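In the two complexes that follow, subunit A is the common piece, with subunit B as its partner first and subunit C second.
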Partner chain A sequence: MTKEAVDTSVTTVRARAKLSVKDIAIEYAVLILLGAVLIVLAILSPSFFTFANIVNILNQNASLVIIAAAGTFVIVSGNFDLSTGAIYSVAGVVSAWLAVTLGSVWIALLAAPVVGLGLGAFNGIIVTRLKVHSFLATLASSMIFTTTAVLITGGSLITVTTPGFTILGRSRIGGIFIAVFVLVLVVAIFWVVLSRSVFGRHVYAVGGNRNAAELSGIRVNRVLVYVMTLSGLAAGVAAAIGVSRISSGQPLAGAGLELSAIAAVILGGTSIYGGVGAVWRSVSGVFLIALIGNGFDLMNLNPQLKDMVTGFIILAAVGLAAAGRTRR
Partner chain B sequence: MKHTTRILAGIGVLALGSSLAACSADAGGDDSYSIVFLAASSQNGYNQAVYSGIKERAQKLSGELGIEIETKLQDGQFDANTQLSQLQNAGTTGQADGIIVVPHDGPSLGAAFPLGQDIPVATVLNPIGPDISEMEPQVEGVVSTVASPPAKGAKLQAESAVKYCEDIDPCKIGLLAGLLSSPLDIERVDAWKSVLGEHDNIQIVGTVEGGYDRDQSLKAVTNLLQGDKDINGIISSADQQTMGAQIALENAGIDPSSIFLTGSGGTTGAIEAVLAGTWTNDYINVPASMGEEALQQIINSLRDEEVQSVVDADELVGFGPIATKEDLEAHPEFTGEWNG
Partner chain C sequence: MTESENGDSLVELHTVSKRFGATQALDSVSLDIRRGEVHAFVGENGAGKSTLGKVIAGIYSADHGDIVVDGVPIDRWNPGLAQRRGIAMIAQELALVPDLTVAENVYLGAEHSTFGMLSRGLIDRFDALDSDVGFGLDGHAKVRDLRIADQQKVEILRSLARNARVIVMDEPTSSLTAQEMSQLEELMRQLAERGCSIVYVSHFLDSVLRVADTVTVMRDGRRIETTPSESVTKQELVTSMLGREMDQAYPIRSASPTSDSAPLLSVANLKTNTGVVDMSFNVRPGEIVGMLGLVGSGRTECLRAVFGLDDVVSGTVGFDGREWTGRSPRDSIAAGLVFVSEDRHKDGLVLERSVRENIALSSLGARAASGFVSQKREKDVTLHHARALEMRPLNTELPASWFSGGNQQKALLAKALAAEPKLIILDEPTRGVDVGAKRTIYELISRLAEEGIGVLLISSEHEEVIELAHRAYLVSDGRTIDQIVPAESTVEDVLFRLFHVSSGEESAA
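The block that comes next holds the complex of A and B.
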């Protein structure tokens, strides 16, 4: 290491040590807003800070958190996956169809992640082989996937009455839904992989500067295929939870889920331009939006105002993140 | 000269096109009709059921009247503009002798009238025109409305809740609305509140949004129950929402059959739930029968026979329309016309 590099490194460390309160506020805007909403709700609603309600919030948002956590990889790599909602739908209806047809709960529930994995890999291949931007590629594939779900069900829904099918979505261990354990496990794995593994560093490198990543020997296309596959797999896992919870496969069950996941990732502070972001940020983004909905229902506030309040909070979080980028 | 030739050729092509279009429109003649069904969404169980009814009646009438009735489905993708364009196209291009619509947005579709050609239109589920409560045709071209006013069914639901609450004080009721940005749902919620509000023993503990979705309703009712677990009843504007509410109740350790629980739609799942005693009742809707009736009115109009300007959807059920376990046991042949 040259003297200059050492000096720069020391300066960076000192600069970090001298982060002002304002810098910290900008850096952790989503956590601060999340904390503020938590405090307000705890004061205003006696039902909010109860074990049952917290478990419910975690359970209700398990599918979205899993998709958003995987979506962090996609967005950090400088891409988008607009097909996660459609993958969720296909995986859900395939799972429901298998449960009704074969009567096997485990085959049915495992089929959802397998379908997700396959469709995610398909996305990865069309993005890298056809060299189509992921935004357009996944927009197109989402149409194909949604139509597939509609064709499987004939536009209707598949009601599952197979005993035990609701185990993943409704059963509990120690009062906590199994889906919450799955959520914690998946998020922990994604967190470690993105922040601690070589693959995670490659994802940041590809999103930060694709050409530089290629020149430094990173197999960019392989990274992108893995990232899109991971996103599909996550949508499949989320679908298994969702279809088990409502015991029916619906062809449009995932409609809008992809945008909610992308919104949560960006709300958390992950850069839409790639190269910057973290799984914990996306998880915080999901729960920030979820808490607003929960609070409105608990306090019996006018639901018509929910979107307006959510919009203001998203603007506040995104505005703070943008201010942070400008300062840097 | 060259210029004149081009103009003449252009006029020739236009004339040929017009004659072909005229031939195509006339191709229906008296013994064949082409009916276009504009679904709010083709990827939806309700709309599919309406279409199955249209096809069934078309087949029946073809045999009875010795005519050919061709039906075509177009997908409105739950988008008002898409459906408006489809209606305008079907009404001007000569591809249809009659049109049946399940409007995604009835007031918006009013802008398509009068259509380019004199084609009869029947609307199913919702009226077309500015007033969502007025079932009589509001625009020139609509010959029949096969529906019931949204407030009527909602009032019947609320009245059945009032009856359930007779000996309970306070009787805590939760309202599970569809989309509170939709005028139809606002009207339903207003109707619930106006009926329930007349009874001092009834307390509305919350109004939450189910979005016609099982999962969203599950979340909303779960949250509602966090605030008030000793709830006595839930009124919902759709069966798929009530299914979500049922799961939320079960998750909260509340036996759904121990409270007042109602839905709307007459789905196969709802019929099973009422028969099992899990739900108190259901507001029955019969989309396939409504589709059949809409086609009948269009064919009547095309054959200059008597047309019913309003076909009350509730009358098509044959019982109810709020159906209890006893009603359904008395009509075992009815198992629901759709699943959604």
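The block that comes next holds the complex of A and C.
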């Protein structure tokens, strides 16, 4: 037994390093910022903490939150999806077209997620079969998708007058928009799947060390197809909410959404290199950006400065996280 | 095809061949892995031993030939299928997910779940497994924060967690201390007694002879011989591996420089926040100075700080007559102080780029006054160094990833030499390198010293330091505790003293 005693003294088993206040602050930077903005807004504007305002913020950001929550999977897996905005456009346009053509609200609204799922799977197959980096693959596919949306509408709007079509975007239950319920449900599912499921664990593994994942017997390509499909599906669900709200199909409705979603995911603290991140982070990221915007509205500040302030906050948050990460 | 009525064979290979580009890595190799044996593959780098292990574990697929598992020929073979058949691999370049915890890595790809949701009790399962083998790892720790030796243990636990019947270990001991190595050997014996077969791919012939039941010698992609390990000596193995007699492992030590010459590097009371507490040492021109210590003693950390990779908290560094505390790596290289890191993949080479670009990387500035790289000169200089180091194949246009471990190490050394150093820091210069390449590297080290270059050498193979260095420092817990003259010392003495200090026990050596 003396031998064993020597062995353990030689082995450098590192105990879990104690987290300092600084570490915790960096780890939860997005929540701290979110809390700070909430407090500032509550003090500066009496109309901020009203039921109507909160429900509005949630409702307005439902689509973006859903896309960003799924985008977390993509970025944790070490990939990018630059086509979510384009998928959103196509899915919305198809939905509007079906509503006008068939007159069935349900088929029309269900079509959006189905289209999203299909286009997402298409991305996944390009990424894995053709071995094109997801950044390029989705950049290219977004062009294809956007043009498809333009072709479907003939370049104009498809206005939907079918009764009941606005149910997802404008109807409320108990004063709360249905979109908000969808948001909560989708986020809850994504959260649990990423943090608690075998699939989620594999997403982290693929993003953290693809080679290790492969050698562990994980079917990496399958994981990637699922991840891209999930992202497309989320864009489709978001599109159903969006098209229902404005009750018209617009071929450029989703332009720029993909970058807003990626910005929110990164602002939340998910690593752009993959392997690290969480759904709650992305959700917090979306709302941090949204609250800054809301603050501009409530305080009648020059809305043109909104993006600039958001840009600086993203830089500050990401810079802080990078500074905290400097280990040898 | 299954004339193998031998119920003892777990895995059989029949005339397996594998080609990479122009290299015939395996040439019609037939082999049996029997139940409960430790079967070692030895050979020079590039002999195909590692490739053979990877074919067994499904990481490479064979071009020709058959693999038979449990008497049944396999038609499809990949890591996942191999694992389901109970064959696991511990790769030389560890394959772990740095941001997942130890326990998560151990069960990666073999998660316990209900309806796709992860089951609770991961840590309990991990702790049970860990205490079974007595590693004492913390299941909650992030793999990123572990030392290489501990990461290796995670890999071993990983294959045990899958109830592997065959574990292929590719150079598992190359980053372990002597103590950890014997711990691992004991574990291999234990596993073999439980009926688990171990394929042990290794350069350490002493270790192979201690632990293996059967030894297969590979050379140029062919199986040269398979013998019970008790009926063969180290010398016979070396001869068989090389296909010729090996004269001597180490070159003759060059004359020590006169002790009155001014030191090239002098470090006093160095302290960093990476584990160096108080280290003082110096190196004279033309002198090979070794650092002897256990993994985690602060050897590497101290030299990183000297080079400028880590911050110096207090203490002084003087180099070439100048104050050298807190310089950047760039300054150091420009002044002739170069560092060859222990992890050639992580810190050393840009694997996708050609060997030429890699060699020229840190000396690029000097060769490109105009801001453009002179291709011609770069080619000449890099080829000169590659030739001097006997790189194989001698084609500097191939990407670094094409070369075997030993040749990648040579490329790394060539890169350091291309910077025309006055002092070169070598951290584990022969890790994962075969006998022949080792000899080339040893000769290089001696030659550098003869040319007046100072060499700081760290090696977990204490024998290397003892055989090569003019002087050596003993390092423990971040301090330089003593200075020795290796020519008058033995590995046993050194180990005794290091363990005596670090554990306060005397039973170590």
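Of note:
Rule of thumb we're sticking to: the second predicted complex is superposed on the first by the 309 of 328 C-alpha atoms of A that agree within 3 Å, B and C clash if a C-alpha of one lies under 4 Å from a C-alpha of the other, contacts with A are read in each partner's own complex, and residues count from 1 in each chain.
The rule we apply is simple: a residue touches a chain if its C-beta (ideal position, glycine included) is under 8 Å from a C-beta of that chain, and two chains touch if they have at least 3 such contacts.
Keep in mind that what you see is a predicted model, and the values were worked out from it rather than measured.
Judged by the touch definition given at the top, the superposed model places A:Leu252 against subunit B, while subunit C stays out of reach. In the superposition on chain A, A:Lys131 makes contact with neither subunit B nor subunit C. In the superposition on chain A, A:Gln304 contacts subunit B only, with no contact to subunit C. Judged by the touch definition given at the top, the superposed model places A:Ala213 against subunit C, while subunit B stays out of reach. Overlap of the subunit B and subunit C interfaces on subunit A: none, as no residue is touched by both. Within the complex, the subunit B residues that touch subunit A are 42-45, 47-48, 177, 180-181, 205-209, 213-215, 218-220, 222-224, 226-227, 243-244, 247, 250-252, 268-269, 338-340.
Touching subunit C in their complex are the following residues of subunit A: 2-17, 192, 196-202, 204-205, 208-209, 211-219, 271, 275-276, 328.
Chain contact summary for the complex, subunit A toward subunit B: residues 45, 47-48, 50, 52-53, 56, 60, 146, 150, 154-157, 159, 170, 242, 245-248, 250-253, 293-294, 297-300, 303-304, 306.
For subunit C in complex with subunit A, the residues that touch the partner chain are 59, 79-80, 83-84, 89, 91, 95-100, 104-105, 108-111, 113, 116-118, 134-138, 140-141, 145-147, 149-150, 158, 177, 179-180, 183, 274, 294-296, 304, 309-310, 499, 502-503, 505, 507-508.
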